[in-house]
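Handing you this structure, nothing more for now.
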Amino acid sequence: MAVKLVFLGKLADLAGADEREVPGPLDWLGLLDQLEAPLAEELRKDRTRIAVNGELVADKAALDAGDGDEVALLPPVSGG
Amino acid sequence: MAVKLVFLGKLADLAGADEREVPGPLDWLGLLDQLEAPLAEELRKDRTRIAVNGELVADKAALDAGDGDEVALLPPVSGG
Amino acid sequence: MLRRIELVQGHWDTNDAVGELARSVPDAGGIASFVGKVRHDDAVEALELLHYEKLTLPGIQELAETVSRRWTLEGLVIMHRVGVMHVGEPIVLVSAAAKHRREAIEAVDFTMDHLKSDSWFWKREKRADGWHWIEPRERDHSDLARWG
Amino acid sequence: MLRRIELVQGHWDTNDAVGELARSVPDAGGIASFVGKVRHDDAVEALELLHYEKLTLPGIQELAETVSRRWTLEGLVIMHRVGVMHVGEPIVLVSAAAKHRREAIEAVDFTMDHLKSDSWFWKREKRADGWHWIEPRERDHSDLARWG
């Protein structure tokens, strides 16, 4: 078991993959630690959101994910 | 030749026919003269319009139709 | 611009007309449509829409001109049924194709408001005791006022 | 109320979906529809819409809930294409059936504004030099502001 990171939109390009597994538990600083600099920079932007198991996290700094959780990194949507 | 009167909507019911021929020339008072009282009453209402050969008459009192003209009596539309 | 303005005498397939418009203007990014149908009403057996040849279609053509000046459209279809019709049958189809969504939707909205309140149709309903003429609705006039 | 909310993987016939809605809600007096298609653009070879399973469809279902609370509808169809698509293909269909015209038209307008600006899709275009991500448009946000 681990935490599954899901990269959406251009973040998948930056990550070089749609998904990645990282060891849990995972908080905000731990997540930034796991990411290459360009990804971490995108993630810090206000308009980049995070969801845990499909639930949006209101305050990214309060991220609290454990083994088996799916953490999605969501850049601004381009709309339908 | 004569003036053709065309009755639309409920005016056709009142006239008992869709069309009627009357002698020309025909002005506003002459037209009222040609019509039975219930029809004349409807025609006097502001919202009842007149068209000559498909052109709306802005001021009914200025009606001026001659032989061969088609005068349409138009009650308020009910819409499409 | 493709334009199709018609009075229709019998039942017709509104989907066919929308599909034909879509095929005719492949570059349009969006197509907005509205289909109005005869509503079910227990008391009403049939509806009849009467028109006056010298005014009704020319009036709708003029409305189409106004719409085409006000919005940038690739195509505009206005088809309006006349004669006797029954519940569930289409009365009117308005379909507008445009590069941009808002133009297409607003053009349909505007056209419907004007058709409903401001076009040369006289309507009557057949009830158990015979035919009854329908008077204009206040609502139609307030709809029209939206467009300034 | 009939509701059909779908993400569509391949090409589909929007007219079929509108026709099916019309048959399913025979009492609706009006059906308003909007179809958005991939616009022709010399520089763009293909368009790809990506979605996130845990958010995109649930988000559209929530939008449909909001629309159903705000307007009295007989039926609502929202179908949105995902994956790679080409010029002329439909991206989105919104179709609303209601007793009253204004409800149907406004519901479609509102749904489109929210789908375009506020739903979980990421879009990229394939040009001669490869794929490019599309940034959100300012226009989409001003469209949304119309609904207060």
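Which chain is which? They are A, B, C and D, in the order written, and residues in each are numbered from 1.
Convention: a residue touches a chain if its C-beta (ideal position, glycine included) is under 8 Å from a C-beta of that chain, and two chains touch if they have at least 3 such contacts.
From a predicted model like this one, the values you see are computed outputs, not experimental measurements.
The chains that touch chain B as well as chain C do not exist here; no chain meets both. Inter-chain centre distance (chain A to chain D, centres taken as mean C-alpha positions): 27 Å. Chain B and chain D have Cα centroids lying 50 Å from one another.
Centroids of chain C and chain D (each the mean of its C-alpha atoms) stand 24 Å apart.
In this assembly, the C-alpha centroid of chain A lies 76 Å from the C-alpha centroid of chain B. Residue numbers of chain C whose C-beta contacts span two or more other chains: 36, 116. In chain A, there is no position where the chain touches two or more neighbouring chains simultaneously. Interchain contacts (touch definition given at top) occur between A-D, B-C, C-D. Touching chain D in their complex are the following residues of chain C: 15, 18-19, 22, 26-40, 87-88, 99, 101-102, 104-105, 108-109, 112, 116, 143. The touching residues of chain A, when paired with chain D in their complex, are 6, 8-10, 13, 51, 53-54, 56, 70, 72, 74-80.
Chain D meets chain A in the complex at residues 36, 49-50, 52, 54-55, 58, 80, 91-92, 115-124, 133-137, 140.
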